[in-house]
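There are two complexes below, and they share subunit A, which is joined by subunit B in the first and by subunit C in the second.
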Partner chain A sequence: MKKAFVVKSDRCVGCHACEMACKNEYQLEATIRWRKVYQLPENEFGVPSRHFASLACNHCENPACLAACPAKAYTKREDGIVIHHTERCIGCKMCMMACPYKVPVFNEKIKKVEKCHMCADKQDRGEKPACVAGCPMEALEIVDLDDTNLANMRSFLPGFPDIAITKPTTRFITPNLGIQVRGNNNG
Partner chain B sequence: MGEWPVVLFTVLSQMAAGAFVTLWVLDQRTKKIGTEMGSFASLGIALITAISLAVSTSHLGQPMEAYRALSHIGTSWLSGEILLFGMFFALTVIYWYQWHCGMERKFIGAIGASVALLAVMSSGMIYVLPARPAWNNLGPMFFFLLTAAALGPLLISVLFKIKNVQLGKNLYIFASVVLVVGLTNFLLYLSTIISMGDIGTVTGKNIIMNGVFWPRLLAGWLVPLGIIAYTALQKEWNISRLVVALFILTFIGELLGRSMFYETVTALTVFGF
Partner chain C sequence: MDKKYAITRRSFLRNSAITVASIGLSGSIYEFLFSGLAPVTAAKISDVKKFLNACPRNCYDTCSIVSTVADGILTKVEGSTLSSYTRGKLCAKGYSYTRSIYSPDRIKYPMKQKVRGSGNWERISWDEAYTEIAQKILQIKKEYGSTLPICLNKYSGNFDIMHYGIEGMLTSIGNTTRATGTPCWPAGIDAQTFDFGTTYCNDPEDIVNAKYLIIWGANPAWCSVHSMYFVKEAQKRGCKLIVIDPILTQTASQADLYIQIKPSTDGALALGMARYILDNELYDGEWLAKNSKGAEEFFSYLQKNITVEWAAQKTGIPRGVIESMAREYATTKPANIWIGYGMQRHTNGGQNVRAIDALAAITGNIGKSGGGAQYAQLQTWGFAYYAMMQKKPENSGGKSDRLININNFGAEVLNANEPPIKMMWIACRNPISQDPETAVVNKAFEAMDLVVTADMYMNSTVEMSDIVLPVTTTFETPGVNVSYWHYWLSLNEQAITPMYECKNDVTIAMELSAKLNELEQGSCTFPVSGDLEEWVGKEFNDAIYKQFGIQDWTELKKGPIKAKTGLIAWQDGKFKTPSGKYELWSDEAKKFGHFPLPVYTEELQPNDEFPLRCISAHWKLGINSQFQNLDWMAAINNEPCLEMHPIVANKFGIKDKEPVKMYNDIGYIVLPAKITETVSPDIVVVYEAWYKGKKINVNYTVKAIPADMGKKATGSPGMAFHDNFVAIKKV
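What follows is the complex of A and B.
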């Protein structure tokens, strides 16, 4: 089993509800987001367009955070979820330097690093992760990569760091390209 | 600048490593170093190593749990660095004790010098990260080894000067060669990362635009090389009165260079952010 997030950029409207659901679930500090909604580079799809991708930890196959951590604060579960054990963290920030996706974040209040754990406990209880449940557009999903038809999914979107570094498990559905109506377009 | 604990730890520990190797080489080659002098210098090296290790813990969010940094020797270069510098510190204490008691010290010296080199190399390997393209090469390791090679002999010369012992010209010739190699290596590294394109270029531009770029060049390389050249051009070789200035300038240069190393590096971007 290899659990992974599917990010459906064809459905995402950039409302940040996933970020807020995650922050609310875990009562994160004001400046900390385990999930972030990125606006994709406008000129990467052939025509100027505005699209979004919601990213949290990519639960990589070869997690750079796990390899770099000197305190063994990271483990990878059999289902592929990469867990950060806060109680073992010494706050050296090596994982922050090693992660190509800027996922681990330093909590200044507790002086330790933290990151998304794919709501492993909730999933163990048969519930959906907070971000998946909180998305009004159903733009996020959890799949088992070993048991999913990946034909319509991609391993990266333009602007995503080289996936060869850590083999992230996140899969993307590319945006639908079309005429974009801008908020400031009054004509 | 939030990285000063790491700047101080790396520069001090590398200086101690370089000084240990220098003292061991001088001891083995000349056989003329007195017990008091050797004891004093090796004690200085042990103290600097101890200070560097103490400073390193203040970089951590949880300094009291620093011991856990030894947990992941298998894959974490940081674990390796802490293990090797811990071993190095223990060896410096044994080495000092052997000097102090006038005991045979060839074996511990050789082991200590080897561990010192490995520790500095493992420090450099920590930063070889694909997520930091400008560091993802042997550059960090060369920088760290050159810091040890530049500051180590100069620290020994200062410790000897405190005891009114003047070292021969060869040590300063070696130091000047290291400084020239260091400057050349820095300029080659800079031009290489600037030509990398994308993130590497950003890092290169950050280095040039950094406020300490010129002070680092002047204090760390150009003025020290000028001092050695000036002394060499005199009728009689007498660098004694300039040794401390030479050391302080090079030390400041290395501190500035290391702070620039941490400040200027740019991470891979995610969707341009």
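What follows is the complex of A and C.
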């Protein structure tokens, strides 16, 4: 089993509900964002547009955080979820330097790192992660990569760091672009 | 191990006691509870309860909320799964509610400012606040022979029905001056009132049934994200989505066809389409014959005055595009148009909405599932308004309330005489941030003897007040909410006890009434006691019960309920106009000084001195001046920017992220440039919001130019917020 986030940029409207649903669920510190909404480069898809990708931990197949941690504070579950164990964390920030996606964040208050755990507890109870359940556009989904037709999905989006390093499991559906009529500035 | 843990735990408790004590000063116990030591605190939580709440903001979505309260602390909010509109989801703003309730920035007790604007506040007791306010009210009444020098400015900061008790409180002291109207949507409401008799839209969940959908000057992706889901669902079922907007918004980016229109020319596009529909006999003659008044006159107007070529020139949209869109719109059934509030914030906004309504009418798309000209609905607002309906005391002076225009508040306050305005009561409103001509509004505040503001935060209006009264949030008090868009009715339960010394506006009214009567028996008719939940119950009446199919309001404690009838607007063909028909020709419009037909009114143009139109659109992390001040929002974005097309940037020698001064003859702001091809070269865009501690307010440059319509249905014309012409330069 290989649990993964599917980020549907064809549905995402950049409203930030997902990352706020996450903060609401875990009442995160003000500046800590386990999930972030990124605007994709506006000319990436031929004509200008406002499209987005919502990203959290990519729960990589070869997690660099886990490899870099001297305190064994990271584990990868059988279902693929990469868990950071706060009680083991010594706050050395090695994982932060190792992760190509800058996912682990430092909590100044407790001097330890934290990150998205794909709401593993919720998933174990049969619930959806807070971001997935909270997205009004249903632009996020959890799939099992071993058991999903990936034909319409991509492993990377523009600006996403080299996936060869850690093999992130996140998959993307790219935006659909319509026709634009722009008077004095025809695209 | 156990022993070690015990020591750790003891020392934790000792430390935490210190933490609580020190945080107690700044007032956030919450900060302590969630400081990352969850395992220990979690063990202490014994009592977890769920409550039903409703988001009371001035928003299409008015979400049904389920809140989780652990040991009296709100720990989580979720969308209700019982509402098929909210669908178990909230927006970014809704999910931030714990941060607004437990924000250390909340006003915690009544305070008095020594000199307005000085920041020199001192804490006073509620009794001291009531005494000073009541004495002032009585002194004004004595000096001027009435309470007319007292002015209320209250609007949409909290749309909970009970909050109309604020109007009730002012009524209960006598005749007063009222800021009347609404800043957001009046031109469009009047337009629909002339055409249909009132503004009335289909259930937005019905959007899924549209086969052709034009979103015209609205951005639901940010401002009504729950509706955006239904828009996507319609697309999935084969509906073609067209978005018309000068900004290539997040909504427009989802469209099958995006049309960048020249701002304020929407009526020209609609009339051009109508002419094509007429020439090609694509109109629904049968529907018009049965349901409309003035079709002949309208068609004659089109033939004499409108050509598609003219529309193309006006709007900047090629003729062929207008023609193909007109053909598709007229021949794809059902076709729905969502008319946004943004597109009517112009001097010709009302006429433009009438022209779009006419498109829906001539194609017979009115009264149909999947069709319609959707603007808003007021159908579910038929409450008893018990808190609002108060009697005026006998012999309190004056003949009636004096109404002044909320959209030119500063100037109208300063110009009022016989008697002048001497005292303001501000509630659910932030005029210094949100009104046009900030400098004039400031002057009006400066001219007062007493300004009382009831609010949650030290915003720019509170900064210019003498007394601030801390108010409860929606989670600290009972209430009841409906939307002006969807058809759900949500009870709002008190989930937590009021924070600090905060009080509900109705409680404030009751206690002020007690003080007024103590000082002068009979000077205030507002009840002096009552349980707030009982007050909520009294807001209901038989009509609401019938509409929602309930016997008693307490049934709403099981969850939100949707209206049982009237979900497709005008399905019965009984329009509320004087003729009972859809009125393309409206004598009522004529009475209010408009041409009786939907005609084109020339749009305002920029000039050489101020060559750019500034559109101050709504923001994803806030609604008006609410939410963007919270720390969770600041973590995402803490600075407004000025969006401009590369053509504009090049012309003025501005590079991305460089500070730019945007100015006109009344004011200026300085903010960083954001260069983007997603805005039209005719405009610059600032998203209006209140950033904590920042003095960047787009309304410094906005003049109080009225929109063409609004007077009939809302008492004052709307505001042409988007006819703001500015110049820009590199700083």
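Simple rule for what comes next: the second predicted complex is superposed on the first by the 178 of 187 C-alpha atoms of A that agree within 3 Å, B and C clash if a C-alpha of one lies under 4 Å from a C-alpha of the other, contacts with A are read in each partner's own complex, and residues count from 1 in each chain.
Simple rule for what comes next: contacts are C-beta pairs under 8 Å (C-beta built on N, C-alpha and C of every residue); 3 or more make two chains touch, one makes a residue touch a chain.
Note that the structure is a prediction, hence the values are computed from the model and not measured.
Chemist: Return fit or clash for subunit B versus subunit C, each positioned on subunit A through the superposition.
Modeler: Pair status: fit.
Chemist: Once the structures are superposed on A, label A:Cys69 by its partner contacts, choosing first (subunit B), second (subunit C), both or neither.
Modeler: first
Chemist: Have a look at where A:Arg88 lands relative to subunit B and subunit C in the superposition and call it first, second, both or neither.
Modeler: After superposition on chain A, A:Arg88 lies in contact with subunit B alone.
Chemist: Calculate the angle at subunit A, using C-alpha centres, between the directions toward subunit B and subunit C; round to the nearest 10 degrees.
Modeler: 120
Chemist: Looking at the overlay, does A:Lys112 come into contact with subunit B only (first), subunit C only (second), both, or neither?
Modeler: The answer is both, since A:Lys112 touches subunit B and subunit C.
Chemist: Pick one for A:His16: touches subunit B only (first), subunit C only (second), both, or neither.
Modeler: second
Chemist: For A:Asp79, decide between first (touching subunit B), second (touching subunit C), both and neither.
Modeler: It touches nothing on subunit B or subunit C.
Chemist: What's your read, subunit B or subunit C touching more residues of subunit A?
Modeler: Comparing touch counts on subunit A for subunit B and subunit C gives C.
Chemist: Looking at A:Ala98 after the superposition, I want to know if it touches subunit B, subunit C, both of them or none. Which is it: first, second, both, neither?
Modeler: A:Ala98: touches subunit B, not subunit C.
Chemist: Once both complexes sit on top of each other, what is the least C-alpha distance from subunit B to subunit C, rounded to whole angstrom?
Modeler: After superposing on chain A, subunit B and subunit C come no closer than 13 Å at C-alpha.
Chemist: Of all the subunit A residues, which ones make contact with subunit B and with subunit C?
Modeler: Residues common to the subunit A contacts of subunit C and of subunit B are 110, 112, listed in rising order.
Chemist: Going by the contact rule at the top, pick out the subunit A residues touching subunit C in the complex.
Modeler: 11, 13-17, 19-21, 23-25, 27, 29-33, 37, 42-43, 48-52, 86, 107, 109-110, 112, 114, 133-138, 175, 178-185, 187
Chemist: In their complex, what parts of subunit B are in touch with subunit A?
Modeler: 59-62, 65-66, 68-72, 75-79, 82, 126-127, 129-132, 267-273
Chemist: In their shared complex, at which residues does subunit C touch subunit A?
Modeler: 34-37, 75-79, 87-92, 95-99, 221-222, 225-226, 228-229, 232, 241, 248-262, 315-318, 321, 620-621, 631-632, 634-636, 645, 647, 676-678, 680-682
Chemist: Considering only the defined contacts, which subunit A positions touch subunit B in the complex?
Modeler: Going by the criterion above, the answer is residues 38-41, 53, 55, 64, 66-72, 88-94, 97-102, 106, 110-113, 157, 159-162, 165.
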